[in-house]
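The letters A, B and C name the chains in turn, as written, and every chain counts its residues from 1.
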Amino acid sequence: MSKIIKVLLNLALYSGILYIGIIILSKVFDIGTKRFLVFDEKKKKVASIGFLIFTGLIPVFLSKNTYALRTSILVLIYIVLALSLNFVLGFAGQLSMGHAAFYAVGAYTTAILTVNYNVPFWISLIFSALVAAIFGLLLGIPTLRLKGDYLAITTIGFGEILRLILINWTSFTRGPAGIPGIPSPTIFGYTINTNTGYFYILYILALITIFISHRLLNSRLGRGLIAIKDDEVAAEAMGINPTFLKILAFVLGAAIAGIVGGIFASFIHYVNPDNFTYMESVVILTMVVLGGVGSIPGVIVGATVLAILPEALRGISTYRYAIYGILLAMMMIVRPQGIISMASLKGGGGNENSRSQSSN
Amino acid sequence: MFMEQLSNGIALGSIYALTAIGFTMVYGIIRLINFAHGDLYMIGAFLTYTGLTLFNMPIVPSFLFGMVGAAAFGIAIAKFAYSPVFKAPRINLFLSAIGIAIFLENFAMLIWGPETQSFPSVINNKVYSFIGIRISSLQLIILGSTIVLVGILTYVVQYTKLGRAMRCVSQDMDVSKLMGINTDRIVYLTFALGSGLGAAAGTLVGMYYKAVYPMMGFVPGLKAFIAAVIGGIGSIPGAMLGGLIMGISESLGAAYISSGYRDAIAFIILIIILLLKPEGLLGKGIKEKI
Amino acid sequence: MKILEANQVTKAFGGLVAVNNVDFHINEGEIVSLIGPNGAGKTTFFNVVTGIYPPTSGEVRFLGETIKKSRPSEITKLGIGRTFQNIRLFSSMTVLENVMVGQYCRTTSNLLATILKTPKLIREEKEVEKKVMGILDFLELTHLKDEIAVSLPYGYQRRVEVARALATDPTLLLLDEPAAGMNTGEKIEMTNLIKKIRDQGYTILVIEHDMKLVMGISDRIYVLEYGNKIAEGLPKEIQNNEKVIAAYLGKGGNE
């Protein structure tokens, strides 16, 4: 009985802290976004380059602290994963809850190709992207007719089926035992097996993903995607073919998740089906929702916060997922548009919720 | 072999049906796919287990304790997590439900531990056989409880004032409000009924497999959703039909195709149904007016 | 020249005949209105014209070509732009972005060009922006271009919808109840706007309840009741047509 009371008290405490945390983070970023938006182009550029240099030097700052450096590698992995889901959820507005499946496909492709067939890492990484993209296509096509929650459940099903295949097809995937001994990449004869090396590979991948997201968002295709998210009927009336764009979003998101999966496999040198459960998909989803669906800086912040949170909560790690659950529900009530909403980036203020109602 | 799988499938199917009915009722009222429904089923099973082991109550009071407790959970969730987002876009409500589902699973881990707990044997399980069909007393209990509960529910929905109010709210909440129905109360009662039925299903599963564990509701929750979709979401007879179809096809599929892919069968059925007859076997399609 | 032509079009849903044997056409440069009481089959007719529903019998020809059942996006590409009776603007976009979406079907940049920002893409984006700014200027929306479209007052939102439809480069513009929910002042503005658009050479089909607006702008009017065409002609003729008066006044006047 006393245990139950302790658990309840702890949960109440953590919920309170979360609530305050969300409010503070939101306020900080609201003010920050407003400040940043009034900068002129030159100041914006200086600020962005300064930020890039600072984050790029993280391995130098953390060279003594292996644990912190590994955490920042995880942060980068999740930033890329969350941004890749953002193509599907944030741009095209499709609630996909099987995103870890693409990550798994990428990781297993690299694992199997490098370990069983001695394919060089970089080539297998290309295959990771391709195979994951094919899976994106396979999932994208049957789900085109589905919306919202139906789509969500079907994508969960897709993820679960894939996990069952990884477990049961032992001759190919070694089943629950997983695949050990995945090699490190080499560049110009140098083997990259340090944390710093992986940090920079992932850092470059994250930059490329941000770059692609940004270019896409501010283009014809991006406008088409957002139009589908906002109102599919109106988008069709504007001559937009939703089929093509939705599949494009799925394929692009899957390919990028596949690449980061391949790098992850090499980073930990071992994959097994437990790395890619449904919870992993939920974690990625929560990152996007927390940060702000569709908002590139928001998703980066969301991924960073949620990737660091479990490390910061190491002492109470048993509460980790319970806190994730509360966080997701609380966000929907307190700040559904996310910490840095898409609207706030356009100077539209934080209150996106009241408006988006009309579109549903 | 075939007959054994069939009776197994019917027992399983009636559990899916019970779970799916709760799902479909909540959907009927507030158009929410209550993602946490499967976890209320788990909470119900754990509460019954607690009643049996910690409070040393006999099975029937424990069973009721589980149902009532889960109903209380259902109401609390509806009140604190769902009602603030009723008016928001549907996706917000759904994400909130996902959050609650994850919370409940991990809450159970914190309270009862992550391990599988063995559910005490409460009855003497005998196997009867007549005209070549072998059926165990547990299977009979599952079937019997399902029939009784569904009977009570049908009576409530069809012949009581509460049931009439529920049907009104499910057709048009705003108009029901204007007609003087306390819609909030109806919503909470629906959650309570749905969660109670889910808890009954969870307890029956606990008895059947003699085990309860925090993640036990996740896959059945998804399957209950699928069963509800097969039958036509929002339709109670549809949920029962869907549950039976799922239970039987799963038992037969696991026996004759591959047991490793048992859980995949449900999703394959779902995809086929959504592509061929998205409104479900007994459901009505709704089209958006442009 | 006939822009749009419907020959003996019938649309039935099971036993219910929503549109019954209707002949209809619009000449180039005309403003034609389609009116009728609620449930007269206007929306169904609209959906047949735009290819969402295939007609049960008869045919619809646009610029001489038969319209087959096709995706709405294909119809837009053919040159039919539309607005919606319940405004459907893209809620997370600014006015400028909303209208730029209209140009989607007239541009071709693919993913690779988008990522690499090829010269062709830059040129295309510039052309789109120039064109869209022209439309915004024309509809007097330029000063609002960076506002979130759905945060604007109602009358402006309607105007943005019209701008967005014009951005699809339509030959025929379909306006679905353009004055719904507007006050008198806004209705007068909308009337002027529709005429102004026609003067730019667009052909316009209006579906509307508001008699005053319809009488004020239409070159010709078609009246539907219970799926049947009960009258067609000049506004003056319609005003004095007994069947029309009966259909409207006999059932409680217009709305």
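To be clear about the criterion, a residue touches a chain if its C-beta (ideal position, glycine included) is under 8 Å from a C-beta of that chain, and two chains touch if they have at least 3 such contacts.
This one's a predicted model, so the numbers in the text were calculated from it and none came from an experiment.
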item	value
Most distant chain from subunit C, judged by the mean position of its C-alpha atoms	B
Innermost chain, taking as reference the mean of every protein Cα atom displayed	A
Mean-CA-position distance for subunit C and subunit A (Å)	41
Computed distance of Cα centres, subunit B from subunit A, in Å	32
Centre-of-Cα separation between subunit C and subunit B, whole angstrom	47
Multi-chain contact residues (two or more partners), subunit B	290
Residues of subunit A touching at least two other chains	233, 356, 359
Per-residue multi-chain contacts in subunit C, two or more chains	84
Of subunit C, residues touching subunit A in the complex	71-73, 76-77, 81-82, 84, 88-94, 97, 100-107, 109-111, 114-115, 117, 121, 124-125, 128, 146, 148, 150-151, 164-165, 168
Footprint of subunit B on subunit A - complex, ascending	3-4, 7, 11, 95, 97, 142, 145-146, 148-150, 152-154, 156-158, 160-161, 164, 167-168, 233, 278-279, 282, 285, 289, 318-322, 324-333, 336, 353, 356-357, 359-360
Subunit C-touching residues of subunit A, taken from the complex the two chains share	211-212, 215-216, 219-224, 226-227, 229-231, 233-242, 248, 252, 294, 342-343, 346-348, 352, 355-356, 358-359
Residues of subunit B touching subunit A in the complex	33, 81, 84-85, 87-107, 109-111, 218-219, 222, 225-226, 229, 258, 260-261, 263-264, 266-268, 270-271, 274-275, 278, 288, 290
